[in-house]
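The same chain A turns up in both complexes below, where it pairs with chain B and then with chain C.
Take a look at the complex of A and B:
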């Protein structure tokens, strides 16, 4: 098997140049999806038969909550690549994804709380779903502080990669918490194509725009912070000096 | 893939698999304690002692809600359609509280078997629709049954 495509990713310079070309397209797509999604979900989605307007926080909460579950699998993948192939770029991703993931998890917790106070009648309850997501928040903070706590940067990178792999177990727990235990949080919604049923297209089509927008926002944030970290780490490399001299 | 890399990958997979099994077994052992609430059937089976602070989850039985005229006191029955628990609460109820709704109450059983709730929380299920769709489904008698409002699941 030809591994050149894979080894290309080992070059931070190659990634820096390639991602610079992607960014304008990603930003354009995100702004488009966000405008459509926000307008549609705030103004045109029918009010819920039980929750009325409160239900619209759904279009923020579901996208940020679903993306927050992607961080540990992403960091575990990058961490495994770093541990096995010693690829520098993979460690950069583990490093910059952790604080981003903590932010997205915090947004999911906050939007859920605001939804909860209006529907459940409480900001917080220690059920399986809420507690396991809070645990993920602290695990991500743990990855961030592990990096700064260890002085040996190679050792810190390895420790963070391992903790990222371990953290994936919690993602499975978060996902299935609502099925395994009884919780105050609702079980997963099953969307349907039928227009005359609950959870039909009038509910989920605008949600798709919001999910794509939030995923693109995540990709853009990740790329921007990865590029930043690359410049930091390669600041003594000739190509970075050339770049600085040019600007 | 080079041999030392394959070996490293093997070690990582082994560690991950071992940890997953350990966490899985722990969660399995704890599963009773992670549940947020007891069901009325568990209460009827005597799993709960009077005075013990617990949560009970169930549906508000249709026609069981009696509000006091001059205070915030309310009596209703929480049911899982197999067993009932009478509930007494003084305070503000969440907006979603209504008959037939899933709720979780926090408090303790008194010696007469009435649950003195200090807090009432409303569950909402995983079905979202407009009032028009809901009315059409009700007319056809095919409103979706939710796992969230079936207590004990």
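Take a look at the complex of A and C:
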């Protein structure tokens, strides 16, 4: 098998040039999806008969919450790639994904709170989902602070990769144990989409647009911060100097 | 070096003996986690309420949180002294798998810092008006749970062993990871009080211990190799 496609990922310069070509397309697709999704969900989706206008935050909360669950698997995968093949780009991804993941998790918690205050009548309950997301937020901050504390970049990179893998396993354990804890202590809040079988396509088609838009936003943020980090790490390299001289 | 110590079992026993001997010679380290546990547990009645009913309700949680904090505090001793005097490097240069040596250090550390807490817990529980009929469950859960806390903590310690001041970062990494153990421990106690069968809950805690025993030293050993160059 020809492995050159894989080895190309080892070159930050190659990725920088490639991602530069992707970015306009990604941004275009995101803006399109976001415009369609936002207009549709805020203006044309019929109001919920119980929750009224508040329900529209659903179209922000669900995509953001679903993407925030993807960060630990992403970091664990990139971390494994870094530990096995010593690929610098994978470490850059582990590094920039941690604060980004913390932001997305915070957004998911905040949008959930705003929704909760109107539907549950409280900003916060110790519900299984909320608690496990909060703990994931703390674990992500732990990865960020480990990176800051270990100044040595090679050691910090490997330590953070390992912590991401351990954290990924732990997030799963936390998720199940918190659900277990919660369902025994208080009646679980029936809060899943599965209970809403009656909803027709006019509810979920705009949701799909929003999910695609938020996923694209995530991809663009990740690529932009990765490019930024690459430039900082390679600032002594000739190609970066040429790039700066040109601009 | 004698022939017996060149086998794996010999190396594990030697590590275990050495760590226990060091702990015995430094009685302060032996005593501090234990004192910390008692002190933290004492703060709760003062801070919340001395009413026996109120205390009885929260006592299981208080004991578990105190044990968690005490084990976190004690974790600092696990690799630090060995890292500073260089014996950790020698341990890593040994031909035996680091996994077993780290496991031996963990066991020694738990015997010194975890076991005293488990043993004193019924006394503190009595002072906190812990509900009668769950004492044995409390001790059993602590017996199964505190080693898991030590094993999880050792990953964090191994990752940060090279750092000068690492008190807070260790807590930030370790505490969220300890949540499943805390949940299992307190749930088991409260379910016993409600009359539920114990075996299922203890089986889950046992499973956590087995998983931690198999996986955590692997992660700790890998982390040590990263931290100690």
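The rule is simple: the second predicted complex is superposed on the first by the 219 of 247 C-alpha atoms of A that agree within 3 Å, B and C clash if a C-alpha of one lies under 4 Å from a C-alpha of the other, contacts with A are read in each partner's own complex, and residues count from 1 in each chain.
The definition used in the following text is that a residue touches a chain if its C-beta (ideal position, glycine included) is under 8 Å from a C-beta of that chain, and two chains touch if they have at least 3 such contacts.
Quick caveat, the model's predicted, so the values are computed rather than measured.
Shared-chain residue A:149: touches chain C; no touch with chain B. Of the two partner chains placed around the shared chain by superposition, chain B and chain C are both touched by A:166.
Contact with chain C, but none with chain B, is seen for A:135 once the two complexes are overlaid on the shared chain. Touch criterion met: A:125 reaches chain B, while chain C stays clear of it. More residues of chain A are touched by B (comparison of chain B with chain C).
Of the two partner chains, chain B is the only one that A:80 touches; chain C does not reach it. Residue contacts after overlaying the shared chain place A:181 against chain B and chain C alike. Once the two complexes are overlaid on the shared chain, A:158 sits against chain C while remaining clear of chain B. Looking at chain A, you'll find residues 162, 165-166, 169, 173, 180-181, 184 touch chain B in one structure and chain C in the other.
Only residues 5, 8-9, 12, 15-16, 19-20, 23, 27, 31, 34-37, 39, 57, 93-97, 104, 119-134, 136-137, 143-144, 146-148, 151-153 of chain B touch chain A when the two sit together in their complex. Those residues of chain A lying in contact with chain B across their complex are 46-51, 55, 58, 80, 83-85, 118-122, 125-128, 162, 165-166, 168-169, 172-173, 180-184, 186-190, 196-200, 202-203. Only residues 155, 159-160, 162-163, 166, 169, 172-173, 175-177, 179-180, 183-184, 187, 191, 215, 219, 222-223, 226-227, 229 of chain C touch chain A when the two sit together in their complex. Contacts from chain A toward chain C in the complex involve residues 135, 138-139, 141-142, 145-146, 149-150, 155, 158-159, 162-163, 165-167, 169-170, 173-174, 176-178, 180-181, 184.
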